[in-house]
Amino acid sequence: MNITVVIHTAPWSHQASATALRFCEAALQAGHGIYRLFFYYDGVHNTSTLAVPAQDELDIPAAWRALIEQHGIDTVSCVSSALKRGILNDQEARRYEREASNLAATAELSGLGQLIEATAHSDRVVNFGA
Amino acid sequence: MSALHVVNKPQSRSQTLRSCLRLLQPGDALLLIEDGVYACADTGENRLLWQNLPADVSCHVLQPDLDARGITLPLTAFALVEDAGFVDLVCRHDKTLSWF
Amino acid sequence: MTEEASGNSEPRTLTFISRRSPYGEDYPRACLDMVMAAAVFDQTVNYVFMDDGVYQLLNGQQPARIHAKDLSAHFGALSLYGVENVFADHQSLLERGLENAALAMPVDVVDNARLQQLINHSDQVFLL
Amino acid sequence: MSALHVVNKPQSRSQTLRSCLRLLQPGDALLLIEDGVYACADTGENRLLWQNLPADVSCHVLQPDLDARGITLPLTAFALVEDAGFVDLVCRHDKTLSWF
Amino acid sequence: MTEEASGNSEPRTLTFISRRSPYGEDYPRACLDMVMAAAVFDQTVNYVFMDDGVYQLLNGQQPARIHAKDLSAHFGALSLYGVENVFADHQSLLERGLENAALAMPVDVVDNARLQQLINHSDQVFLL
Amino acid sequence: MNITVVIHTAPWSHQASATALRFCEAALQAGHGIYRLFFYYDGVHNTSTLAVPAQDELDIPAAWRALIEQHGIDTVSCVSSALKRGILNDQEARRYEREASNLAATAELSGLGQLIEATAHSDRVVNFGA
């Protein structure tokens, strides 16, 4: 089956990101496909390159990047959610004259249309939030 | 047409679980995850909560969340599932409603 | 950003259940944005207010007092976007003493059975 | 020694307000802010909630939050305060307990 | 980072009330860190578990199963930091059927009156 | 009076940051002093320079920066909370080999000791969270 996964929370502050990560690993292992990973609301913090977890903690953003690269998963970080939370790619950093950018290379900034499109083309849609 | 309802909060903390229960229909499945697993610990209040479920609704609880929290005696009405079981439930039902 | 139109597949029925009160959290805003996006991409949309979400329908909101954006001001735009199916859960209104309150927009007040029917006829249900 | 208790959630959503009420003592003050202001709207459930407050506990509600939410008829037991009143309550009581 | 020691003023009594269950949110961890910091800076510390916070005291937690850090493993370090006053609210234990459960560390089970006394004798109370 | 204000939530996702901002403005207007602003847990997102709110929304991080500069308020962003959430100053960005930093110049990364110290030296401590 083709599954779209939507993540609404930041890593660590709530458990939902870690649960979503385990769900995706289990789905891929069972031979299913992830049609799209859509980070929405606070979930965009999963796509920051600057997070530095304590050593004895699972690095959730890094785990997402590894999973995405390993399986070539189409990954979107919602642009309106990301801008508001200070998650920018180079283009948006230039547009809003910010001196830094911190969006993971494994994610693309795009709009809610990509979630609607994914919903129309996936067999299942699962949300993780708090 | 049947739905999988996933709930991550116990009824003691919010209205989320009660609202989900209100919309369950025969053939649906309920899966407790994260903090929702506290709702299937064997207590008087929880036993009361699960009495009037619609017929033919299957109840499941995510084992990793039970183990993490040290809950050893979940109510027997709940089938224990691992992550693979979570995926299977999603595939077996037409849609997944995530209550959080 | 190019939005890949989903035109090349027949429209789906998407139900959005907004369950949180306004201003304390931003989820109501996030739900409204999803409803608008679904409508722009020609999906059939059901917009349901339930639990504390019914507080979003109260009249006379003045969020400028707390430096917040007025959520209910956007309800007017819903019909422009083609969102006609707007519902409020009767039990939630009753529990909060709002069963006779003047609401910020016309809604279809529905009971459990009607909500279950909406869910059955939806391809996907989002709850924020 | 008296405390100001600040609560930002209504009792319908979480245990926060009920736990605060349990620890209120004579001479303390209670201030409802943000979503907590829903707890002083004039409904049957709310009137019940406020019946057994300890003697000599003053109740206040932050007006900007009431106005933002369109609540026009707060229960009369609640004094309306603006931000300056919030600051004043903090100064008048030895400590502030923020329940969220 | 230089930590400006607060040695130059007599120690204060700080009470920390931890009210949330473990792992669903990170607040319990944040509360524990504050308790440790207060102890390191020689304050008199009261550490209270209340409402869903009493779930943090359950024995046999295996958070590795969900890739989380074991909160209860740190309870042992509390006495090393000089944190001796650890309490659990009796009503919260009762409501959750935990009044006879084996707990992850020795705690003083207290009632409302004792909690009110703790608050009265504290210079500041933090609730997370 | 000297008041320490502790903020535990990110701007916009919860109302607490906006309420804390209004509280500080009212306290200063009434002639009180803010001994220290301590951003803890998700509150550290208030000290990001990269957040870009929608035009019709109050720019909360910018409002904090203006208030801090105008009144010279001692402001700390808790280092352990900030690192985990991807809020870094240049020093931490170098230490953890991240290619960008996003901590506001008006805030200093420091530890919980600064909160304990502030509690010992303030007349009042007020927390804002969710």
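For the reader, a short list of remarks on this structure follows.
All chains are identified by letter, namely A, B, C, D, E and F, in their written order; residue positions are counted from 1 within each chain.
What we mean here is this: a residue touches a chain if its C-beta (ideal position, glycine included) is under 8 Å from a C-beta of that chain, and two chains touch if they have at least 3 such contacts.
None of the values given here were measured: they were computed from a predicted structure.
Without subunit F, the contact network of the other chains remains one piece. The set of chains in contact with subunit D as well as subunit F comprises C, E. Under the contact definition, subunit B and subunit E share the contacting chains A, D.
Taking the mean Cα position of each chain as its centre, E sits at the greatest distance from subunit C. The interface with the greater number of C-beta contacts, when C-D is set against C-F, is C-D.
Farthest from subunit F in terms of Cα centroid separation is B. Each chain gets a centre from the mean of its Cα atoms; for subunit A and subunit D, those two points are 39 Å apart. In this assembly, the C-alpha centroid of subunit D lies 26 Å from the C-alpha centroid of subunit E.
Multi-chain contact residues of subunit D (touching two or more other chains) are listed as 8, 12-13, 15, 34-35, 64, 95, 98, 100.
Residues of subunit E found to touch two or more other chains are 23-24, 26, 52, 66, 68, 123-124, 127.
Along subunit F, residues 8, 12-13, 15, 19, 22, 41, 54, 57, 80, 125, 127, 129-130 each make contact with two or more other chains. Pairs of chains that satisfy the touch definition comprise A-B, A-C, A-E, A-F, B-C, B-D, B-E, C-D, C-F, D-E, D-F, E-F. Considering their complex, residues 8-10, 12-13, 34-35, 38, 41-45, 63-65, 67-72 of subunit D touch subunit C. On subunit D, the positions that touch subunit E within their shared complex are 1, 3, 15-16, 19, 22-23, 25, 95, 97-100. Of all residues in subunit A, only 12-15, 18-19, 21-22, 54, 56-58, 130 touch subunit E in the complex they form. Listed in rising order, the residues of subunit C touching subunit A in the complex are 1, 3-6, 9, 11-12, 14, 26-27, 30, 33-34, 37-38, 40-41, 43, 123-124, 126-128. On subunit B, the positions that touch subunit A within their shared complex are 6, 8, 33-35, 64, 82-84, 86-88, 90-91, 95-96, 98, 100.
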